[in-house]
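Should a chain be cited, it is by its letter among A, B and C, assigned in written order, with residues numbered from 1 in that chain.
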Amino acid sequence: MHSVVCIKQVPDSAQIRIHPVTNTIMRQGVPAIINPYDLFALEEALRLKDRFGGKVTVISMGPSQAEPALRKALAYGADDAILITDKSFAGADTLATSYVLAAAIRQIAREEPVDMVFTGKQTIDGDTAQVGPGVAKRLELQLLTYVSRIVSVDPDKREIVVERRAEGGVQVLRTALPCLITMLEGSNAMRFGTMPDLFRAALHPLRQWDRTAAGIEDVTKVGLKGSPTIVNKVFTPTPRATRAEMITVDGGSSQDLAAALIARMGTLFPQVEKELAKRAR
Amino acid sequence: MSEAVQTRKSRHKGELNPRLAAYKGVWVFIEHERGQAHSVSWELLGEGRKLADLLGVELAGVVLGAAGEETRRFCEEANRYGADQCYLMENEVLRDYRNDPFTKGLTELVNTYQPEILLLGATTQGRDLAGSVATTLQTGLTADCTALTIDPENRGLLATRPTFGGSLLCTIVTLNYRPQMATVRPRVMAMPERDVNRSGRIVEHPLALAEDDIITKVLEFIADDSRGKPQLPFAEVIVAGGRGLGKPENFQLIRDLAEVLAAEVGASRPVVQAGWVEPDRQVGQSGKTVRPKLYIAVGISGAIQHRVGMEGADCIIAINNDPNAPIFDFAHLGIVGDALTLLPVLTKAFRQKLATMKQTG
Amino acid sequence: MREMVQAGMPAQAGNSQTIQTEMTASADNAQAIQAAKLATAASAQKFDVIVVGAGPAGNAAAYTLAKAGLAVLQLERGEAPGSKNVQGAILYSDALERIIPDFRDSAPLERHIIEQRMWVLDDESYIGTTFRSNDFNKPPHNRYTIIRAKFDKWFSKKVREAGALVICEVTVKELLRSKQGKVIGVEVDREHGKIYAEVVILADGVNSTLARKAGFREELKPKDVALAVKEIHFLPRDVVESRFNIGKDEGVVIEMLGKITRGMMGTGFLYANKDSISIGVGCMLSDFMAQKTTPFELLERTKAHPAIKPLLQGGEMKEYSAHLIPEGGYHAIPQVYGDGWLIVGDSGMFVNAVHREGSNLAMTTGRMAAETVIELYAAKKAMTAGNLAAYKQRLNGSFVMDDMKKYKNLPDIFHTNKQFFTTYPELLNRSAYTMLMVDGEGKRAKENAIFNSFRERRTLFGMLGDAFKLWRAIR
């Protein structure tokens, strides 16, 4: 089984802060990590390799700084890693990104047929969940999103059965290989790479493809040029006209504070008080 | 999504390709599963109505499903919630949601009737469908929008959403592609009025697909057992805890207060990531959006990615020991103090207050 | 960069590259041989040397060994080299020059130090000395302020380029021993985690559980370590320069002691970096435990001191860290060599607290350990305790042990003589205040008042004793 896993290196958004005066993003010292959702995809691909043998290739579209993410993926147990990087990719939105990744996967398939493509549910810096579906569409692969469990795989019949999270329940779907799966978070636990994996990650040559090597012909489809959506402006939310009314009691105890809060809430928001009373019955 | 951060005025003023300028109308995809429409569809109709009125165009619902009364009823409901008309595509292959037939169906409708704006709910179904449709149509899609409006200069859709992990907001435009697509999370937009007397046209359009054409098969649907599970999106009273609580054990204080108020328990992203509570309890951009009557935020700083998940609450009370915490910028009432001492005291005070009200009530 | 040509694949017009690990970036033959050596060592999981830790000591050792062509594996438990390290931080050029002579060409250096201030603080004031010299501006510069996160990244890159295999996020659980008790490798916290080597160099820091588990060292005693906390505050470059009266690239170091440590034995520091200020304070762990003050509280008070607060004004705190610092001095140094092992850096308690020298001792001991191993390999001698004793001899014959011996009594003396951190700073400050106030009182009367205040607090006999103790300690 040859699985291709698409990953993205993202800033650890939990640590990004905004400068209170200049309103700029303070990215200094914010560590870059593999998009956490991608790890579930990678782990699932590695599990398929454990079961059926074969290979896991990890790819990422990004600047050269994204290398550590690919090495990390190797350290978890992936066999091969390719960074797809080119100046023309800058400014890409999800449509342009899926174009590049799909082209690269096609190129990989020319070297060695691909049975499965995995992506994470979404990225923590984009949050759109659009690239997986986009890649599937471009490669004409059946799309299975929010997969919580792979129930069974039949490599001979080229069939796969999965559980997919839907509103109010779980769909059990069967489809044909190759297909593209976006994994739901929490569906598995990332393994700890073995020492041989770590050695391989440190020594293995990382491949790097530019636009042409990735088999991309249409320049108008990549990067900023290939992005229908444009960020018009970035801003902090306008502060509300009035800040919160602060409850204070001079020299008061916590009991006094609590009482003051409840009283004020009742005065300003009688409907809220009514709602609480209703539930107390 | 583009990572360009500079403020940029829209270029290409009024340069929309004339073929695309012919695209008119605001569409809302009406999502349903197993006979139930998802309420986000109605919320989007409410928002869609505003956009359509600004543009002076019609608002339409889009329903894909198996032939029958149930499916038609969704069209009628769409009209009751404000649509002028509803496109209806009936085919047995559309009985259960599957990416392939729904993508083919929706793109065919779009290519035939050419709306300028297409909105979908940011649910598992909506996101699954939106990405495929946008890629097929080679158009722009903005996800998880918190606000939608029209640019008066060029009649384009202005879609606002959080960015940089939720620390800032950004406005995204799709200037030269149609339709402009956007997804919106449930509960972000308000539920519009339902006018039982309102009716509209139903426009039928066939889908030429047979079951044999579809590779993916639905083997089964296992409904969730929702008893005992958190029901945050529709909760009226929520008590939420954040990292300011310090230790996972302290989260019990949140549960105690929630119990007294018969409230749902919510949490900020950091404490969910740290494993203190189930992911279902996460409120915020990457969690649930809530619109309760009362939201008590304890030890939560109020970063944008949390804020967009709960700022629609009627009354927001914030407790935090940092007087500069952003949450005080948009909460209604606030106390600067130590959550660990205040919570038990507040719990007791509420218990007494409610007991008194019960007696006198 | 080699073209990747696959059998059966159409030739690419585009640029398909292979990013090799830095060690094989150059087509140099020697490096290719070493790369091959490493690949063999990795698959057999047997190296010439294993270095545990990627701080200054480990890097110095790994670099020196790799440069000599040995197959070196360096293991670091943090996410990246330096992620577990904290330092003031001052780089001592001499130590690094002896390892990487041209480090100035590429190392990220903040400012070269031209001015040193020593402050003795009371609550509202300080009395101090300053030494500043334009001579310090003459290259090659002797000391620089650095930011460890950047510096360690650079140093580790050099280590990789030199040809060592560096692997992070791996923790060494135990040393592997032969039946005779010789160290023959390490076991890490991963599957298939046994890796073998002729000699293991422990560079895993002040709290080396490895050294303790292996019985080379005792449990760390609170009286032998200090706990220090530090923050970095960011300010525009020109503000830093005008505030400290320095030009572009010039730096200032302020060492502080006195009431800021609330009667505990410890010191504070404040360093000027390019566009930030490092400020920190540390005290003996035993004193923290006895007094129940937290290091955080101490730092907050220090920052609030009226002489220090204005220096930080407008700055944005972007980094907060804490660490243990060896303070036990000469008497705390454990056995540093044995059958198949050596200890370098903080792991061996090589810190000269009086002069705030730790990183240079770390680099120097790391280098000396490496040189010892290289000599033994060249002479085809075994890594026995007897042969590795040459490391200790090297240390003894150098400033490392000289300095450690010189100050060996200081820790004990300061432990039991807290007046140096409380009474004297107070008295000195008060005296200066008194003398400088022009208030109608005669100078002679003032001098008498000062002398009496000293005598009252310490008694004549006490002061003589203090002077004697200090003299003994420094001699």
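Just so we're on the same page, a residue touches a chain if its C-beta (ideal position, glycine included) is under 8 Å from a C-beta of that chain, and two chains touch if they have at least 3 such contacts.
The model shown is predicted, which means the values in this text are computed figures rather than measured ones.
Among the remaining chains, not one touches chain A and also chain B.
Taking the CA centroid of chain C as reference, the farthest chain centroid is that of B. Chain A has its Cα centroid nearest to the centroid of all protein Cα atoms in the structure.
For the pair chain A and chain B, the distance between C-alpha centroids works out to 19 Å. Chain C has its Cα centroid 39 Å from the Cα centroid of chain A.
Centre-to-centre separation of chain B and chain C, using mean CA positions: 52 Å.
On the side of chain A, the complex with chain B involves touching residues 11, 13-14, 16-18, 25, 91-95, 98, 124-134, 136-138, 142-146, 161, 163-176, 185-186, 224, 227-237, 239-240, 243-248, 254-255, 257-259, 261-262, 264-265, 268-269, 271-273, 275-277, 279-281.
On the chain A side of its complex with chain C, the touching residues are 19, 26, 28-29, 31, 67, 75, 83, 110-111, 192-199, 202-203, 205-214. Looking at the complex, you find that chain B touches chain A at residues 1-5, 7-8, 10, 31, 33-34, 36, 38, 96-100, 103, 123-125, 127-128, 130-132, 134-136, 138-144, 158, 162-177, 215-224, 226, 236-237, 261-262, 269-270, 273, 279, 285-286, 293-294, 304, 307, 314-318, 327-337, 341-342, 345-346, 348-350, 353-355, 357-358, 361. Within the complex formed with chain A, the chain C residues making contact are 4, 6, 9, 12-21, 38-39, 42-43, 45, 79, 149, 165-167, 169-170, 188, 190-193, 195, 316, 318-319.
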